[in-house]
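Attaching a single structure in structure tokens format; questions to follow.
For clarity, chains are labelled A, B, C, D and E in written order, and residue numbers in each chain start from 1.
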Amino acid sequence: MSSDHIHPEPTTFLRKHVFSIDHKVIAKQFLWFGLIWLGIGGIMAMMLRWQLANPGVPVPLIGGLLFPRTGGVIDPATYNTLFTMHGTIMIFLGLTPAMIGALGNWCIPLMIGARDMIFPTLNMLSFWAMFLGGAVGFYSLFVPLGATEVGWTGYPTLSTTVGAVGQGETLWAIAVFLIGASSIMGGINYITTVIRLRCPGMTWMRMPLTVWGLFLTSILNVLFIPVIGSAMIILVLDRVFGTSFYVPASIMSGGTGGDPILYQHLFWIFGHPEVYILILPAWGVVCDLLSFFARKPAFGYRTSVGAMVVVTVLSALVYGHHMFTTGLSAMLGESFMLLTMIISVPAEILFFNWLHTLWKGSLRLTTPMLFAMGVIFVFGLGGLTGIYCATIGTDIFLHDTYFIVGHFHLTMAASALFGTFGAIYFWFPKMFGRMMSERLGKLHFWLSFFPLVLVFCIMFISGYAGMPRRYYDHTSAEYLRPLQHLNVATTVSAFLLGVAQFIFVFNFIKSRWWGKTAPQNPWDVGTVDWTIATPVPHYNFKTIPVVRCGPHEFSNPVLGPDTDWIYQTEELPG
Amino acid sequence: MNTTGVIELHGDGPVNQAPPETGRDRVNATLGMILFIGSWTMAFGTLFLSFLVLRDKIAVWPPAGIALPSAPIAGLATLVLAASSVFVERGSRSLSLDAGSGRKASFSALWITGMLLGLGFALLQAWLWYDLILAGRTQTSGLYESLFFGLTWVHAAHVVVGLFLLVWALVGSKLGRYGPERRSFVSNAALFWHFVGIVWLFLFLGFFVF
Amino acid sequence: MRTSFFALVLSSSVLTACGGGGEAPAPPPGGGPGSSSGTQAPANSGSGGAAQAAGPTAWSDSAGTATVSGSASFKGEAPAPVQIAMDSDPKCVEMNSDGVTDGSVLVDAAGGLQNVFVYVSNGTDAWTFTAPEEPVVLDQVGCNYTPRVVGMMTGQALRVKNSDPTVHNVHTYPRKNRASNVSQPAGSKALDIEMNRGEVLVAVKCDMHSWMQARVGIVDHPFFTVTAADGSFTLPKLPAGDYTISAEHEVFGKASKQTITIGDGEAQSISFEFSK
Amino acid sequence: MSMLSTSTPSFAFLRSRWLGCPLALMLTSTWALAQDKRWGPGEPASDYGYRFGELFWLITTLVSVAFALVVVLLIVPMLRDRARPGHRASFDHGKSLHDKRLTAVISIITFIVLDAWVLVIAMKDLREAYWAIPAAKDPQTYKVEVLAQQWAWSFRAAGVDGEFGTPDDILTTNELVVPKDRPVSFNLTSKDVIHSLFLPEMRMKKDLNPGAINLAWFKPVVEGEFSILCAELCGFAHYQMFGKLRVLEQGQFNEWEAEASQLASTAFDADDTEGHWAWDWQE
Amino acid sequence: MRGISWQGLAVAFGALGLLTSLQTSEDENPHARAPRDVSLVVTEGAWLRAPGADWFAQRAKAEPGRFTHDATAAGGAGGWVDSHGEYSLSEIEGEWAYWQWASAERLTDGRQDFVQFCSSCHGLNGDGYGRSGQHLRPTPRSFQQNKFKFTKVTADLPSDEALLSVIKRGLAGTPMLPWDLSDVQLLDIIQYIKSLSPEESGWRDVYSQVGDAIEVTEDPWTDTKERAIVRGREIYHGAASCHLCHPGYVTNEELRVIRKDPEGTTYRENLTYPALKDSEYEVLGRATKVMPPDFTWHQMRAGTTTADLFQTIASGIKGTAMPQWKGAISDEDLWALAHYVENLIVSYKDQPAARSAFMGGLRVSGDNK
């Protein structure tokens, strides 16, 4: 499987489209898989919001079809399943494949001048493990007693057979394990490819920041996915074989039993690196897109890389801020608070580098650029509200309220999602050989940007007002009834956000088959992947390129007045 | 960093006979395997962390008054597994020496002994379980048994996978796919087998020694 | 939401086509409800129950000629009767100005045990019996039940009267019959309680006055009686045949059964031993 | 019995009233906005409640200033530095020492202003208030053992004699009566799954883990009726696990406690051991 | 080293695969371990008792076209025929009774909803001792005793509608929630609960009676509330003598006057406190005691409107010391009692000042403590 040897061009239909070992085909498989699941997760979110705004009212349009027994009304068990599967799907089956799977598989080989991933068969297995995980998750919706109903975090003892008796929870654990396995295979593949297959001249400091983001994500993947893998193994042992790792002996009955808090530690040791796994590729893409479309070198390339590396290293040490109210010891609580404050520093550095890249640039406000700047705004909001959650003084009140929901949606859902949209709009021409319509793209951006910010900012208000999360119906508790208007406002803006996504779906489908044929380098960008023809041949590079300058050599005075960019393979004049 | 500048394309015809491994390919394969072992170390590290955390919840370790897996059998199992690792390693090394086909014969002999010892370990492990079950202690009867059965089951699954890889490597070498010039799979299988051995060592120390 | 959360149109319509039948299977015609899916209606047997189809002849008192008598005695040192504290209801205290002892265990000097319910437990299958019209009367006098132990036939009504100036509530504790818990203020009309399944020694209590206890023995034939103060009893005339006779006391439970065979006109005597 | 649901889907979406629903949503939501509304969490009713408000609004002001700066730095290039023929971006890799020093200075300033300042206040809050559990020996402390279960709270107070596990212990369900101006100290555990005792007006929240006892405390300073909520997902009726917290004046509270203890001792059934849940107080 | 048993070795090799565990001895607390292999499917349907003919008459009015009265059914006594085939008439041991057919699918739906929503307190097999039901007083209902406290029916067993109203209203002051599930789910759960009654008892017994909630007659005291309260107070302490279990809200002297007792009669000690009473509701086989509520202190489980109180007093609380008063005292007196109790609740419940003044006054002047 040496990289120089080009594996033969696939001939049969199966080898070419289904079990392909070509990183480009696998990237498209991941993209379609991720987008479909993002759609399903999005519909679930809208059903959740409908139930919160109109408790007990049948869900319009698809309610009668999905919940025939209760005549379209979502009952508490269905509601718990909806927000659990919404979380699991959006994180594991939506963002991970769409961003790390699709973006990673497409960009890494092409942007570092390699012919393919270093272990192509492992790459194919990674997609089919993810597919299997998705299949198990989908099947678990049909199991008697329904799918998992204990939150995407799956805290025992609710997730053990004490709280969730059906098989749905076991299948959820197996699905997460399989998706984890897929991420580990992918991670191993990405790291080895980046280390071993960079073309001559592509030093570490000449790699595009997107590749840096994906490389660091893979490191986190490889190191921390096994932690939740083991946590899931133990959970399945507890549920199926009756061990008592997480099932405690009650205070009154004595006897020995496990410790449910152990699962929380294990989950969040994986959990926080997971949120950085989801944000690092988006950071990488945003750094690059800002530089590409501001026609200006990314400000402080080395400091950005340094910031991302520091975030990767620190990400394992800060998980405690998810558990401030579980009864950590004072020393542990305060140290986690300090560490979480410290990890916000590299994020700020990266943030200011973005702003500096824009400053005095020559902005081309294409759709990818709009999405990249959208990420700046949204990640600014999300990141800054992180301070409330990191400080125990405020977190004691705000923990498990809608404030936290708003925070992690802004950082994880909004920034990562906008980063993914930006990447799709940017690499669509090279991937499918056609241009996505700019007009629809801009419409999609503006129509989803404002409702998105509105939805999650109202959540800050309801969180501050003390509205706990994961409530089926806020009108039953006396204290929460006056907050129902916030629920309704959130639902209205969530529906607007949901409707706006159809523009993207239409644009994506239309452009995929009927879009304008794309030139070889529509955005005038110099990275190596734009030096090859569209559609990209099976072997990527006829001859392995030799890189002579960095990815962001824009408006370099040396280039003379007529052009402001240069391919990485060209020599900087003078 | 591949150093060759321009590489001519091979003809587009299908490449049937796998070309011999270059030095770079072996490094790639080993780097991939090391990353996998690193990741699985985190997995078993988590299991061991849980083992340590849950051990404190049991006042007396090993808990008195209930049937315990017998330490001598576990000790024997550890020795058997260690021996098996040694043979597997010598088998894998015998391929890399620059000798003719004579070496291949000694590879099979060493490799098969390593495999049989591995099988012996599996039997001893099963015997440990059976003793406990005969004494009526299954994984549902308490935290100690949960820990013992839970962790040893997960480890046993990896022993089975390890044995399967050893068999695959042996069959591959018989079919000529693996040999002195294509030995990355064999060395990876050996590496994984050693990893499984080290994990058992930690388990043995945790349950039987400290 | 356990079933068909994502019952997509395609999958659910395909599966329901070959799935289970309609709403509820039609019951078989006529008689008991059953269902086409084979389970027979809950024809609970009930111990007395309908006589066998072949040959039971209606019973008339004249056919009985054999007499069975005997006595029930208590071995061992009888517990001393305990004074009942009735102070929770002044009217009861007023009616029992000289104080009342607990009547659950009444043993006379010779060891004879009163209030033992003696009845034929089997051997009467060859006959069908009709329950007598007039109900069995259980009166509440002086905040106590008189008689304390009484027998009746299935289908016969138990008439509970309240001739006290205070309120009582009649709370029966059957295992197999219908329970009832009705209050009876002073001077209100009698209550008819219907119990139509054989059950020996159903407890009857009053929740207002916790010391008030009575026992009712329900059998599906007339051959039962309660031992007198000296523990003696005589069963009503029996037809010839072999019978097993059992006895049960409120506190000491069941004595060992006695099986006898008796011819027409004969007289036999049996005795029951009770111990703590 | 998964897919074989006998009630075939009613193809409800074909009927007209389903299609009208999104419209109905718009109308109902606007009407709903007119109902009685509340925006903030309400006045704090415990002695350390003010700390959350102050810290929250301090962070909000700092964050708003920082965010305003970010928005400005975002809008200005969008308007001023747009690509126009002949306009070139300034070439600056930001590798120079000056740039590195500028980045370092900005990040240190933001760390100090945004993080360090808040950190110090939070540390002070924790040590002085949230984690300063009042001593159990002190008679002023009103001790309550809380046993959470799937979808209800059981509270046990020591009653007049101050001892737990005695006949006069006051047992209440979904309702807790506490004295005003006396610290209330909790021993929290759960029978089945993890719950979280959330007293919004008192600004207190603590998880109840099965198999372990957590400590928490607050001191009510306002008399009245407040609410108890559950903040950790504990199953289907997690949203119905609310209760009433009544704070009584000291005099009234003593009468209430005496009455409750007397009633409890009359209701005490000595040999019903299964009903007596209690554990000795954990410091 | 123990002797090597070759047979052990052979089996051991078989044990190499993941062993599912053998069931260990049942230790004392069934909830020490997490539940495993919970059965979720009911294999065969069940015939469950349905209410009497008058209930069917109402249903016929409510659902026209479904029920037709057939005079020849039930051996000439006349009975209702259900066109859907769910209800049917049958004769066992000479007793004609209506039965309701609960199909296996419906019981399975009910079982699955029961396990999801109700089993945490009521136990996985409905024995009233679930994991969350431990240490609870009053105890969660066991569905194997066929006794229900607050269903407001005079017969032994409640009809579906009576049970449904209890579940939807919940029991205030106890962990029993007002479940806002859809009626379809609740009715399926109710069918499953009914199928839990043991053989020949409860809904499987031809002799048991299934009644509908007591019909709320017209309140005679609507415009003369004060007189109703005075009348209620007389009955409460006089004819019905509720003060034997519930607290007496009068001084000794007033009680003597109301009951027209001779001078100097003394009443039960602690008159102003309720007296602990037995109940038939068992936990682990032991009957538990129940505390009759003090209307100025405890929370009413079955509602506090006058109509609710009327129904509760009239139907009595099964399995406890509270008898059924319907028929024992006239409806008019029942309404008066309901008004009196409602007045007690409204004026003193959750009002510490008013209550301590009132109860304190009784205790100080009255000689009983």
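Throughout what follows, a contact is a pair of C-beta atoms (placed from the backbone, for glycine too) under 8 Å apart; a residue touches a chain by one contact, two chains touch by 3 or more.
Keep in mind that this is a model prediction, so the values were computed, not measured.
K.L.:
Based on which chains touch which, give the shortest step count from chain B to chain D.
P.N.:
2
K.L.:
Tell me which chain's centre, taken as the mean of its C-alpha atoms, is farthest from chain A.
P.N.:
C
K.L.:
Of all chain pairs, which one counts the most C-beta contacts?
P.N.:
Looking at every pair of chains, the most contacts join A-D.
K.L.:
Of the chains shown, whose Cα mean is nearest the mean of all protein Cα atoms?
P.N.:
Given all protein C-alpha atoms shown, the central chain works out to be D.
K.L.:
Report the chain whose CA-based centre is farthest from the CA-based centre of chain B.
P.N.:
Max centre-to-centre separation from chain B belongs to C.
K.L.:
For chain C and chain E, what's the span in angstrom between their mean Cα positions?
P.N.:
25
K.L.:
What is the distance in Å between the mean C-alpha positions of chain A and chain E?
P.N.:
52
K.L.:
Go ahead and note the Å separation of the Cα centroids belonging to chain D and chain E.
P.N.:
Roughly 35 Å separates the two chain centres.
K.L.:
Could you state the distance in Å from the CA-based centre of chain C to that of chain D?
P.N.:
It comes to 59 Å between the two C-alpha centres.
K.L.:
What positions in chain B touch 2 or more of the other chains?
P.N.:
In chain B, the residues touching two or more other chains are 138-140, 153.
K.L.:
At which residue positions does chain A touch at least two other chains?
P.N.:
65, 68-71, 75-77, 142, 144-146, 157, 162-163, 166, 238, 241-242, 244, 249-250, 252, 255, 257, 259, 473, 476, in rising order.
K.L.:
What positions in chain D touch 2 or more of the other chains?
P.N.:
Residues 1-6, 8-9, 11, 150, 191-192, 235-237, 240, 277 of chain D each touch two or more of the other chains.
K.L.:
Across the complex, what residues on chain E touch chain A?
P.N.:
18, 20-21, 27, 29, 31-36, 38, 40-41, 109, 112, 115-117, 119-120, 124, 131, 134-135, 180-182, 184-185
K.L.:
List the residues on chain C that touch chain E in their complex, please.
P.N.:
2-3, 20, 23-27, 31-35, 37-39, 41-46, 49-50, 87-91, 94, 166-167, 169-171, 173, 176-179, 181-186, 188, 196-197, 207-208, 210
K.L.:
Help me check something: in the complex, which residues belonging to chain E touch chain C?
P.N.:
44-47, 84-86, 88-95, 99, 101, 103-105, 109, 112-113, 116, 147, 156, 199-201, 204-209, 239-241, 244-245, 261-262, 265-269, 275, 277-278, 280, 316, 318, 321-325, 327-329
K.L.:
Could you list, by residue number, the parts of chain D that touch chain A in their complex?
P.N.:
1-3, 5, 7-13, 18-19, 21-22, 24-26, 28-29, 32-33, 35-42, 51-52, 55-56, 59, 62-63, 66-67, 70-71, 73-74, 76-78, 81-84, 87-95, 99-100, 103, 106-107, 110-111, 114-116, 118-119, 121-123, 125-126, 130-131, 150, 189, 191-194, 196, 198, 200, 203-207, 209-215, 227, 229-240, 242, 277, 279
K.L.:
Help me check something: in the complex, which residues belonging to chain A touch chain D?
P.N.:
It is residues 50, 53-54, 58, 60-65, 68-69, 71-72, 76-77, 80, 142-144, 149-151, 155, 157-158, 162-163, 248-252, 257, 259-261, 294-303, 325-327, 330, 333-334, 337-338, 341-342, 344-345, 348-349, 351-353, 355-356, 358-365, 373, 376-377, 380-381, 384-385, 387-388, 391-394, 396-397, 399-401, 461, 464-466, 468, 470-474, 476-480, 482-485, 488-489, 491-492, 495, 552, 554-557, 564 of chain A that touch chain D.
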